[in-house]
Amino acid sequence: MNTVDEILDYAIDQEQQAADFYEDLAGRVEKGGMKEILMEFSAEEQRHKQRLLAVKSGEHELTPEQEVLDLKISDYLIDVDATDDISYQDALIVAMKRERAAYKLYSDMAEKLPESHLRKVILGLAKEEARHKLFFESEYDERVLRDN
Amino acid sequence: MTLSTGHSAALDFAQPEPPDLSSGKYVKLWQGPQHPGITGNMSLELVLDGDTIVSCKTHVGYLHRGFEKLMERRSFIQNFTVVCRIAVPEPTFNEYLYSHAVEEISGIEVPERAIWLRTMNLELMRLASFLMWIGGQSGAFGQYTVPNWTLAYRDYVLDLFEEMTGARIYHMYIVPGGVRAGLPDGFEERAREIMKGAEKLLDQIERVMFNNVVFKARSKGLGIITPDMVDPYGIVGPNARACGLARDIRKDEPYLAYDRLDFETISGNEADAYGRAYLRLQETRQSINLIRQCLDHAPTDGPFQADMPNVLHWKVPAGETYVKAECTRGEYGYYMVTDGSEFVRRVHVRGPSYTHAIAVMERLAVGTNIADIAGLMVSLHTYPPEIER
Amino acid sequence: MNLRDLLSPFFVWQRAFEKPYTSIRPTIDRPGAPAYRGFHINVSEECVGCGSCHSICQNHAIDMVPAAEFEGRTGDSGLRPRFDYGRCCWCGLCVDICTAASLRMSNEYAWISEDPDEFHFTAGVDDKPWQNNEHGYRRAEGYHLYPPKRIEMDMLSPDESVQSFEEVARGYSEAQAKLEADRCVECGICVATCPAHMDVPDYIHSIRDGDYEKGLQLMYRTNPFPATCGRICTRRCESVCPVGILGEPVAIRWLKRFIVDQVDAKDYPRILNDQIIESGHRVAIIGAGPGGLSAAYYLRKKGHAVTVFEAGETAGGMLRYGVPSYRLPDADLDKDIAYIVSLGVDIRYNTRIGKDIDFEQLLQDYAAVFLSTGLSVPSNMRIQGEDHARVLSGLQVLADVASGRDPGIGSRVAVIGGGNVAMDAARVSRRLGAEVTILYRRRIADMPADEEEIHESQEEGCNIVPQAIPVEIIAADKPQQVSIKWGEAEMVQDPTGGRPRPVLQEDRMHTDTYDCIISAIGQGSDLDFLSKENQQQLAIEWGKFTPGEYQQSALQKVFVGGDVANRTADAISAIEDGHHAARGIERLLNPDGFTATQTDNTGEPA
């Protein structure tokens, strides 16, 4: 993964995989109402993918400089399994953790690179993932931590 | 003239023989109900022998608005907006007495500040009312300069009311529980300024009206009230004081802040129209003095309203009371009966005009020259609206 | 006659030079005094449409009319006062009583128009030149036509209250209740806001009249749990009471309680006089919480045979096992429940649907099913070490105490959470003799718990540590203890919107050791008693049902309500859901009779 296009292709593929992951899970879950939520997650990942496709085609620019709020919620939560009877709390945890992992991956990658356009793109992707993480963490803060 | 007080056996209440109108000797003349000299809508049915009145019969009923009945169908708070209309030139006494009656029956203690503001309000009312009366008395004798002065100056007093209460005529300021507001900024200075001007005006009036040969000629000896008439006829206020009786509720049974004010009951010794007029001039000055004292003493902070129940469903406990105050014309009274409901059971409003404009007038008119009948009526200071509540 | 009397009249010339009072030309404006009672001004955004101005006007000069632009705000009737200047006498009583202080008068007093209809206008809605006039009459500071302050409820002192589970609020005396009832302005905004649309002004009126039997009858029209709600209701009515805008809202909850406390339970049958004509239909209810029992009451009144299936051994649901007895004594909850049961409601205790009887079975055996199973599963924090034996759930602690068991909390506890369950768990812990620290991730002002609860828990000595985020539970040296690692939080405005969010400050971490940690961060539903197919059919979102009209689910026969089906998760919402479902079931079972039934005060069929 040495070129900008390569890294973007990788990222786009990751988003597609995530979308597939949720769709697959949605097909398996039993709890009433979870299917809809997981399909919603999958659609969210599709939106991420569309955004990256737009970046690749030059319609859209990444914003590596922009600060993204880090709520640090997922950082301290335990890992949960994406089982068939997953609850919406756990589904959110899975989602937050996945976004966090992606964010970590890109920022670690960028750290090892010298100042370059590629580095900028990767940093931009990290910020993109940080935003996705914030999306799910805000959701968690709103819904799961409502009384808290 | 020496005057004695008390009842005289010599007083004759027998109805005089009705004049024989068919004799052709007499003329029957209606004065009013729209005659300006009547000081309101009532009429006098006069029988004249030449220029001299031989009989006078009073007729009321032109102004009946049924206030006492209206009150029986309105809540205790709503009534205070109604009562002021009972005596147009002196609405405040109705506000005070209505409120006071309700407070007495409900056991509401009015705070100190409200007591002073009420006192000042009532004295301002007396001042405004006397100013209007002076003009009326002068005008009734065909002298139209003084009425222009006093009615215009009364407007300065109404300015003070407007500032203090939000309205010029129907102030609706004194409410059950206290008053509606404290004094606005700068009120005291403006009030003192206006009092100064009023004093100067009264001096000028004394000179051009009371030392006026025509006024003296017309008013001296007119409508003499003798002390023995006072109690049998229920004569009160300046009409009684002018014949030497030192009776003033403000002094005799002090209410509000009157026991803390420095003043003396004024009484005269000439019980004719002139004597009554002169006494009223003195009382106008007295009111100015009392207003100044109120300005000196009225607290400028602290509550001006007692703790009140929710007036939307206020039930006053069952009870009965009679309360009174000294208005410009004497004892003004409210008799109130409550039955514990949201409405008053009965209110009876008794203003001094009831006797002065009817029984006293019918007696004093006899023997008077027709040209003096308006002057006579004004000299009794009557307000027909308060006869018909 | 002397010469002086002849000459002095000529001194009239002296005043010839005085300034005249009148204006030289009639066109010159003379503004009214600053506090003049002139034409009305209403600040429509502040007005709540309570209609007090309308009630006080002796001239009937005010009509309350709908004003579209201002519709829909909480605690706003959507009406605005319309003035008829053919009637008004400018007394200003309407201004004096205005609960929102939105109504004033300008000092403008001249208004000329050829069109008489113009003098009939909605102040603050119809454009008038004086609307922004800064002068004119307004109610003076310190002048009131109703008492702005509420009558204080007698409470056990915090020192006393932590000694036992005795009820903290002592109840109003008759004199106190009458004084408090007097403060109501009878606007009815509370009726619109109460989930059950209780007849608040009317039952308050019954207190003023001393007619508590009538009060009880009025309450039962919409709520068969008045003794309960009179103590623990979330009282949304009070939050919109217009008397609370300038003063304190009427203590609606305490007044409700007062009425119930005046009436002896043995007189209920005579007073409420519920005549039952059997309909022949059988309805099943799952859950004997307030939702289930409210449905049972209104269904029974319609003559349906009602069977309630309850997993536990007593009725009341979370009111029994959640709400502690110092807020809601068992005797009062029992008073409500006993009357419902006395109408012939059959409760099958220790019968869990899904275990003892199948849900499908109910669908077959009964004409309709109402389901109100509540939220019984404590949420997990999902942090490391949470499964430590010394981490207890708030619900469990409360249930233990309610059942007379010792929850074994020890003498130093930390409670996690900021909701009512957390406050209850904390205050119960105080009563069990423990020293209590409450860790909450946001600010005290953000706590979802009732303000009164927060205040009382602090008074009783609970130490609230706000902006504290737990990150890990660690085993302590002693097995009967546990440590918690938590970090301080900064509140940061989320650029994407929403309330400010707490952000953990990793450089400010603390570790404290307690005898136990009580986790009370929320609870979820347990719907495992339903088969997969049923779950799919019943439309569930975020763990809750999404009922349609009259609480009907996607399955025609099944109605859902209470905490499992509403967002507010409080007793009164559950009660209304039950009542509403009873109407829906009536519509299902008796479609012809339904429209013909009389309506109650909500406009719904009773």
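To keep things simple, chains are lettered A, B and C as they appear, and every chain counts its residues starting from 1.
Keep in mind that, in the parts below, contacts are C-beta pairs under 8 Å (C-beta built on N, C-alpha and C of every residue); 3 or more make two chains touch, one makes a residue touch a chain.
What you see is a predicted model, and the numbers here were worked out from it, not measured in a lab.
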Contact graph of the chains (line, ring, star, complete, other): line
Chain located farthest away, centre of subunit A as origin (C-alpha): B
Distance between the centres, which are taken as Cα means, of subunit C and subunit A, whole angstrom: 40
Geometric centre distance via CA averages, subunit B-subunit A, whole Å: 89
For subunit B paired with subunit C, centre-to-centre distance based on mean C-alpha positions, whole Å: 55
Subunit C-facing residues of subunit B, complex: 74-75, 77-79, 81-82, 145, 149, 152-153, 155-156, 159, 162-163, 166-167, 170, 172, 180-182, 184, 201, 204, 207-208, 211-214, 216-217, 303-305, 307-313
Of subunit A, residues touching subunit C in the complex: 30-33, 36-37, 69-72, 75-78, 80, 87-90, 93, 134, 138, 141-148
Subunit C residues touching subunit B - in the complex, by the definition given at the top: 1, 4-6, 8-12, 14-15, 20-22, 32-37, 52, 55-56, 58, 89-93, 96-97, 105, 137, 140, 142-147, 182-186, 205, 208
Subunit A-touching residues of subunit C, taken from the complex the two chains share: 379-380, 382-384, 386, 416-419, 421-422, 440-441, 448, 469, 471-472, 492, 494-496, 498, 501-504, 506, 520-522, 524, 527, 530, 532, 534-536, 538-544
